[in-house]
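Two complexes follow with chain A in common, the first pairing it with chain B and the second with chain C.
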Partner chain A sequence: MEACENTIRLEIYRWEPRREPRPRFQFFHRPWQSRLTVLGLLQEVYEEHDSSLAFRSSCREGICGACAMLVNGRYRLACATPVADLGTKCITVAPLPRLRVIKDLVVDLEPFWRAHEAVRPYLTPPSGPPGGREFLQSPRDRERMGQAIACILCGSCFSACPTHWTGKHDLGPAALTRTFRFYADSRDGDGAARLARADRGLWRCRYALNCTDACPRNVNPAHHIRELRRQAVRSWLGRVTRRT
Partner chain B sequence: MRRSRCTREVGYRDSDAWPGQFKVGTWAFVLHRISGLALVLFVFIHLAAMASALRGQDAFDRTMAFLHRPVFRPLEVALLAALLFHGLNGLRIILLDLGVGFRYQKHMFWAAFALAAAGTLTGAWYLLAPLIGGMGR
Partner chain C sequence: MIRHRVLVVGGGLAGLRAAIAAREQGANTAVLCRLHPLRSASVAAQGGINAALGNAPEGGADTPEKHALDTIRASAYLADQGAVALLAAEAPARVFEAENWGCPFSRTPEGRIAQRPFGGAGLPRTCYAADRTGQALVHTLHGVALRHGVRFYEEFVAISLAEEDGAVFGLVAVNLATGDLVPVQCEAIVLATGGAGRLYARSTNGVLNTGSGMVLAYQAGAPLKDMEFVQFHPTSLAGGNVLVSEAARGEGGQLKNACGERFMARYAPQDMELAPRDVTARAIQSEIEAGRGFPGGHVHLDLTHLGEEPYRDRLKGVREVVRAFVGVDPAVEPIPVQPAQHYMMGGIGTDEHGATPLGGVFAAGECACVSVHGANRLGGNSLLETLVFGRRAGASAAVAARDRRPRRVPAAVVSEALRRTRQEWMALVRANGPESPVRLRRTLQATMTEKIGICRDGPGLNEAAATLASLQERFRRIGITRGSRCYNLELLGAWELRGMLVLAEVIALAALRRQETRGAHCRRDHPRRDDRRWLVHTGVQRGLDGPLLSSLPVDVSLRPPGTD
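Then we have the complex of A and B:
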């Protein structure tokens, strides 16, 4: 590593699989600015050096999940990562691992979205709101969903899950977390069907807990997977004991 | 900016080979699976060896003599390592299933690993010392 005093030494993963046989890292030097984010850096490179650089972003305030990538080997939202927080002026960015690279930092999240769609990620109340007005929820009922509600579908946990690497994880941590989020929602009425839909991915978790390490929003997907499993076992026990 | 100066080729297809992605829990998962499969393999070998008794006492004695050769000692050490790690990490997984100690999963892995390593080293001393002393049968 070269010394980087008042400059940032930025290394960006570049690859356009359609045209180039192999990926490469491209180096850039940028002046150090303490208030810059990693996304800001990429923007500068795009505007001033190379407009062929591909990366995703939208909200630029850590709420849309578009800009998840590996920054110095850690899963981060580029827009929510000030360069000053990295503890170094040598910065390496790479796309989410184990997803197909479309171009540079943009990966194909299709499998992730398919899993998300499969768990029907929307509120399904048993009937319309009481009095035709709106659904109310007590702070205590809100508490039951915990941090699961903070997921912004960035795909980091999906990319980090070793069960997904084996190619067999149908759903992945985020879709299961989303299942839990609606299962635990006092306004939702689709509980049993939600467990049934989650079943094909629910039992594949092996507690590597990479999802929990990866999540830039401090969600603990493995914890919610466990909670869903507990509910699934309880409902199964309820069914078999009622039958006898 | 000239490409030759400012880029570094990478050999792998995408960022899959990023070493930091193998976190403690991933190693626990991989080792648990490998040790589990090794134990299954052992069960079959064990059954085959025991089944030789069905072919009479001589056949069984010959199998036993074969298995007592020194080459099998290190394999026994490996079996011990697999069993100890799998069992101890199995307890970690059971605790996690019960919702206990998510926060300490890494500590629990290192505890399982250290206990398994200590047990394996102890066992290895008993299993291998006679060989090193030139007393292997």
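Then we have the complex of A and C:
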């Protein structure tokens, strides 16, 4: 089957592990519309062909992270991916790899959320806030958190990280990025403990850069991991020199 | 059976703040959530959150009193002024608290929370975190809720309340992953399920905003309030209706119809494109209806004369969004825009503590109506409402839960609710009639957009009510594909559709009853505001045979209309 001029040839991964022995791909032809997004396409399939299709979505504007999936082999937010940007009218949609499939495009993100919770994703200031007002933070200091604050926890990098595939449940790129976000926050006072907690995962990173490549929000987890490592080495050296 | 002292339904900003407040009171607290809390609609808010901090140089003289006055004026005097005073007075504390919890607000050169001007406010009062204020706040509060030991049930959807004799002891939820119906028992419930934009064909809201909390409360006997007041945003991208920020007009964007004419000159010659949201939305809608729109029903927002400069900073986000969703570069081509539903001013009627007349039921956020928005919401006030009244509702729920002395064995009420709900649910599972839920839903959305949209009139509303009645009738002959129970979106969608039809009927009747034009409620056949007859809230309660409508008093104790 070839896609022709005015149609999209869509291929969707379907699997319900509790009922079916193995996954399959289901084919659809849909009329080409230049302003359609991949999520829009899935919605059309759900409404007009097969309402047993399972997928997650919420904001449909690329900010909630619910619709992360593989589109033509690349990590994408389906809602923020116009079909016109794909450069082809043959589209393949699959769930985030290496996570347990619940049904079709819906995967179990439990290990991802556990890693997120393990890094204590909240501010721990050294002392109470200054008299019922805000902590002061210069625009420069705010900048130090960089793109790390733009992470929407979509799970793409977690799924893409090869260190992870070994089966060891490390923290993964997003949780380390979140660690960096608080470590770099001038209001936080928990730096040393954060580095210690990040130890699980920080040193396993092989700079495959899959995470940075996968991120649909232009976050650069590999960069944040490198920065955390540098800080960890520095603090370790500090301790060693103090001891001698 | 799952048991908690306080159960929060919804993990958006209102739900998260309520859960934290309940934990602060020491109550065992859980949050039920349709998807993970970080997927809630609150993350989409870009603009910011209002509080009279006086951090901007021009904002030095700002006070909660001025904030309250701006809110009251925007509300067309339909907001309860005591509640508005509370909202404005507690705003700085809630914003500072969010900052102290780690919210990455943008900063002034002195390191204070940055504030910018927003429509309808006299001074720069809107605190923001770049153009991701909602996301910054949700991520912050979710972290704090984890720290406080709030328990989360993700992908659990509440589908009915366990009510008996006007008191509620728990609810029935469906676990999406397994399809099981799960009974939950609790001492107090906080409903925080957000808006109902999906009632409309065109909405800026996310796909989860189906008004389910309003339906849960209404079905259990709690009155809804001011449901006819629906805010429309003038500029959403044609097609998917992603919001184009007001900043695009603020920077000098021009609205043009298909004849290339700057039509705002006819509707608001003074303010032109900077006219208030409702005026601009009506103007665009009138152009489209008069046949001066582009095919597909939109007009152009033209920024091409502004050059490249604004995109370096202030309109960077706008350019990205427009490029991604309509494939247009606003520096080169005009943006296709159309009005879309944006916010529900009405909701579950509550007092200042978030309490409803139903025993054990509280509500907060967009699904509630305190009311602080009256006939029209001021931009930046709804994020604020989620924090101020989310906290109040959560704390009151925890206290009420502690003092509750139920007359009946609560577990029996919940079991009874489970039995009843399972019956109805299974009836839907087995439904094999000729009507398709998708088709009914589309008709509903089209009816709402055309007849109960930006401009309304008596005949149109009557037609809408008739269509809605026939949709309810057709729903009885619905058919569901025989699918598996696991992650069955069709089944959940059909269940929600039934609720949406009920909600739509309430909106239609409330809009029909209010024979005046006030704020977002525009009646072409009654174009004037009429304080003599209609300075009242609309209450709607479920009766034995259909909705019962009534008028409720408005609190105008601070600034009665006509005094300025």
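Definition applied: the second predicted complex is superposed on the first by the 240 of 244 C-alpha atoms of A that agree within 3 Å, B and C clash if a C-alpha of one lies under 4 Å from a C-alpha of the other, contacts with A are read in each partner's own complex, and residues count from 1 in each chain.
What we mean here is this: a contact is a pair of C-beta atoms (placed from the backbone, for glycine too) under 8 Å apart; a residue touches a chain by one contact, two chains touch by 3 or more.
Just so you know, these numbers come straight off a predicted model, no measurement behind them.
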Fit or clash between chain C and chain B when superposed on chain A: fit
Chain B versus chain C as contact partner of A:His164, first or second or both or neither: neither
Angular separation of chain B and chain C about chain A, which is computed from CA centres of the superposed model and rounded to the nearest 10 °: 170
Partner chain in contact with A:Lys89 - chain B first, chain C second, else both or neither: neither
First, second, both or neither for A:Pro97, with chain B first and chain C second: first
Which superposed partner A:Trp15 touches (first chain B, second chain C, both, neither): first
Partner chain(s) touched by A:Gly73 [first = chain B, second = chain C, both, neither]: first
Which superposed partner A:Arg194 touches (first chain B, second chain C, both, neither): neither
Touched partner set for A:His224, first chain B, second chain C, both or neither: neither
Which of chain B and chain C A:Arg35 touches, first, second, both or neither: second
Touched chain A residues, chain B compared with chain C: C
Partner chain in contact with A:Phe25 - chain B first, chain C second, else both or neither: first
Chain B versus chain C - smallest C-alpha distance in the overlay, whole Å: 13
Common interface residues of chain A - those touching chain B in one complex and chain C in the other: none
Residues of chain A defined as touching chain C within the complex: 16, 18-19, 34-35, 37, 40, 46-48, 51-54, 56-66, 80, 82, 84-85, 102-104, 106, 109, 113, 117, 120-123, 125, 129, 132-139, 141-142, 145, 149-150, 152-153, 182, 185, 187-188
List of chain A residues in touch with chain B within their complex: 11, 13-15, 22-28, 49-50, 70, 73-74, 94-101, 160, 162, 206-210, 212-213, 220, 222-223, 226-227, 229-230
Residue ranges of chain B touching chain A (in the complex, touch as defined): 1, 6-16, 18-21, 23, 25-26, 28-30, 32-33, 93, 96-97, 99, 102, 105
Touch list for chain C against partner chain A, complex: 35-36, 38-41, 43-44, 93, 96, 99-102, 104-113, 129, 132, 134-136, 139-140, 142-144, 146-147, 177, 206-208, 239-240, 242-243, 321, 324-327, 437-438, 481, 483-484, 486-490, 493
